[in-house]
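The same subunit A turns up in both complexes below, where it pairs with subunit B and then with subunit C.
Let's turn to the complex of A and B:
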């Protein structure tokens, strides 16, 4: 009897073996993914910095010069790898799109969570999900055939430019911000609303002074997510922004973003050449920006989490 | 006998087809503490929420009968809910301060009413926090997030928040059930001090608490009032056997 018990306790059962195998499989998947992710980051890092190490180009020339013509020279004789026009372009369309989209998104989200009936909210939910699902090339196509001529008609110029990019991106990031703002508003505990109403607040005062204020970290996160999407969007923007790597003079002058120059240029350069390395530096810049957006989201999340 | 400030007449309440309150006739007098007691689901919280129409927020509620506040039917069609809830404030079971500073919490109602004068706000906030007996604990941390205080302190901040809008009646829905005994004792003390200026109606699960601080006790069961009487009389000499059994702990 004793021996039997001893044997039972000291041999691995079938289920214990399964457990080990499961853990092993899971870890292997993880390692594979880690290798891929780190590989990508490493590759971009090496490629993106080779312009500075191999071609001996100063970082300041890359970040602050306004002449973009890799391989060529600026009028003063420096290498023309200035990414400033694209940096300005990317930030302009991103910030403007977020600025325009936020009030619309918050308004829609308030309607969906606080005001509408369940059915109305359901319909709107489907509509926003539909907007997410439309491929960006379709947005770009619509932008090209509708927005660009409209801008040309209303504001003059060619119609291509930051304004057209902003309008297209506004529609594209709207659903992202809406759905995340809806989540943020829903996570505001109902007892805040009750307390506010019980103090004699109207529904609108409750929404404005309690719900929105309590949800502000979540709404901010939503906006940053939208901005990250706008910053990284390539195809649709490329189709409407005009793709001229020049400092934008105004909202309707053709310009470029980091992503649009990248997509336009990557097929036309030879691996290892300066032209190619300059594009990789743009990619590195994009990677760093998305890292920055991620960091921002984490910071907001940590500061604004509801304490229970 | 003090004057009646709020009373219900033949009050029925339905959640869909379920009748949660049946022909409730009750009167509450000024400057008294009334305790509503009874087993879970007996309708005492539902009744409390009728008194400032918080039940309006629940889907599918239907209410018949009258609630007269200072002789005015608060279920009359043209009732101004905002004004009503300013005069009949409510404190909830879970301490629910807004995730703002203590100051912003207490000043919330005043700011809604359009008070902008900083001095007046300061005065009112201090007075309300003193009345709620939490001033000494928070006076140096008025601009700290209210959620960083203990449950008992949060609940007293909530009471101060209600006091700041100068209500006539304060409704409390099991205000101490989520709190430890020491915090509860502080709240009870606060309530006894408040009854000089306010009328207090509270739901409580704690019979000892009802007997300690209330002037009048109402015993609810199955959506009906079984017995309503002066607290001393009810606890010493209840009329109905159901009341006696409940008070003796035979059920509930």
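Let's turn to the complex of A and C:
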């Protein structure tokens, strides 16, 4: 009897075991996600740096040379692994798209939160949410069949190039920035507006000097988020940029981005070769930029959170 | 004063104008896709096999592959996301470990899909030796899907009244039992909305699949449902080009004579599917909520 009681007191109850197992299972899932993240960073880091360690390529040759023909040589005899054309291409489409999209997105968001009726804002909200979900290949296809011919018609050239890429990305990130900016504007407390209007400010002065100013960290986050999306976008850009790894002469000359070269080239190279390693280095660059955007969003978020 | 009034008027007019432009662009985009694509959508197009070198092919295999991949991905990613979300929402304490975990999920969600695809290519296709196959594609899409799904489930769990948890604990249930039997069911309508919305994202994803699920769609034998046969639609080891990849591929190859019509039709189908997912997410979530809580429709 004594023994039995002792045993009962010393063993865990069924419920406690169940609890422990459940908790363990749920944390395992979380750890799994973290392992995956570390795995991605680790894998890409190893593959992406192997060009510098195994093939003895100088980092400066990779970052600042303009000749991209892995395996070949530049006219001066250096290995032709210069990623500068793609870096320039990626940054120009991203910055230009964000530059064009921001005023449109902020304007629309102001309309939705400050000016329109509730119903109008609701309809716009549903439409933007829908558009956020449109697959990028569809944007790419529209770009290929509408934007590229239009650019060719208006500005000459082949139509493929940074301009076409910018237009496609502009339409693509517009809904994303709009819906995030709307959230930022909505989080501005209403008494800010009331106080400003009560002081005799016009509606525009209220929007410009009070609402936008206090929502600026949120808006900035939205723009950076859009830029991150534009920078990492692969297929839509690849379909309209022209895929020529040359320094862009102007906005309508065929060029390339990091992602376009990656998607186009990965299937045509042999694993472990210099050509292949050079592509992985591009992927590493892409990963680092994505981490950088992440950091930026964090910093903005920490600085700009509303104090209650 | 008059000056300010005028400025006010002009500025507000500008905002109206900008909004009009944006709405026009977005509306034209939708109209363009549907008006060009829908005329090509018929039964033959939806079920026929694609013909790389001739006009008049269909998207049957690609459509099937997209749905199959979607279902497999959901089966793999849902339990993982649910577990992670339960831990983050119910167990995690506010400390640096939790914030590291949260940050890593954030990083994962912001990675470009092409980078995720390349990781899948390295790990599943090459290291694990799965080759270009549905299973490689589904695992890669799982990686791609996990952060967003986890976050949406976590948000749904956070929306459940704390009293529900207290009630369960008060009745002597363990915490995990309470979560599984009370909190998760209470959050189910929102969880399902989140799942369907992420399904739309998976359905349209292409960049992560090019080098994992492959770019070819072998002819399938739809009478053979044994997953171990090579021609069976259910075989997870066969390469499977999805609808989104198909649009990209035929456009970048440009061999197909009616490539524009084919991809317009495929784009319209893709968009219709996404619209359907969006609609279902709203509709099912609300219906389920009404059914489970006996709330009145507004």
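Convention: the second predicted complex is superposed on the first by the 290 of 308 C-alpha atoms of A that agree within 3 Å, B and C clash if a C-alpha of one lies under 4 Å from a C-alpha of the other, contacts with A are read in each partner's own complex, and residues count from 1 in each chain.
By our rule, a residue touches a chain if its C-beta (ideal position, glycine included) is under 8 Å from a C-beta of that chain, and two chains touch if they have at least 3 such contacts.
Not measured: the values here are computed from a predicted model.
Looking at the shared chain after the overlay, A:214 reaches subunit B, while subunit C stays out of its contact range. In the superposed model, A:73 makes contact with neither subunit B nor subunit C. In the superposed model, A:249 makes contact with neither subunit B nor subunit C. Looking at the shared chain after the overlay, A:58 reaches neither subunit B nor subunit C. When the two complexes are overlaid on their common chain A, residue A:197 makes contact with subunit B while staying clear of subunit C. In the overlay built on the shared chain, the residue A:6 is in contact with neither subunit B nor subunit C.
Looking at the superposed arrangement, the partner reaching more residues of subunit A, out of subunit B and subunit C, is C. In the superposition on chain A, A:28 makes contact with subunit C only, not with subunit B. Once the two complexes are overlaid on the shared chain, A:205 sits against subunit B and subunit C alike. Contacts of A:234 after superposition on the shared chain: subunit C is touched, whereas subunit B is not. Within subunit A, the residues touching subunit B in one complex and subunit C in the other are 202, 205. Note for the complex: subunit B touches subunit A at residues 52, 54, 57, 82-86, 89-90, 92, 94, 96-100, 108-109, 111-113, 147-148, 158, 161-162, 165. If you check the complex, the residues on subunit A that touch subunit C are 15-16, 18-19, 21-23, 25-30, 32-34, 36-40, 43-44, 47, 103-105, 107-108, 110-112, 115-116, 124, 127-131, 133-138, 140-142, 144-146, 171, 174-175, 178, 202-205, 207-208, 228, 231-235, 238-239, 259, 262-264, 266-267, 271, 280, 283, 286-287, 290-291, 293-294, 297-298. Of all the residues in subunit C, the ones that touch subunit A in their complex are 4-5, 7-8, 11-12, 14-16, 18-19, 21-23, 25-26, 29, 32-33, 36, 79-84, 86-88, 91, 100-101, 103-108, 110-116, 118-119, 121-123, 126, 143, 146-147, 150, 173-177, 179-180, 197, 200-201, 203-207, 210-211, 215, 244-245, 247-248, 251-252, 260, 263-264, 267, 270-271, 274-275, 277-278. The touching residues of subunit A, when paired with subunit B in their complex, are 189, 191-192, 194-202, 205, 209-210, 213-214, 306-307.
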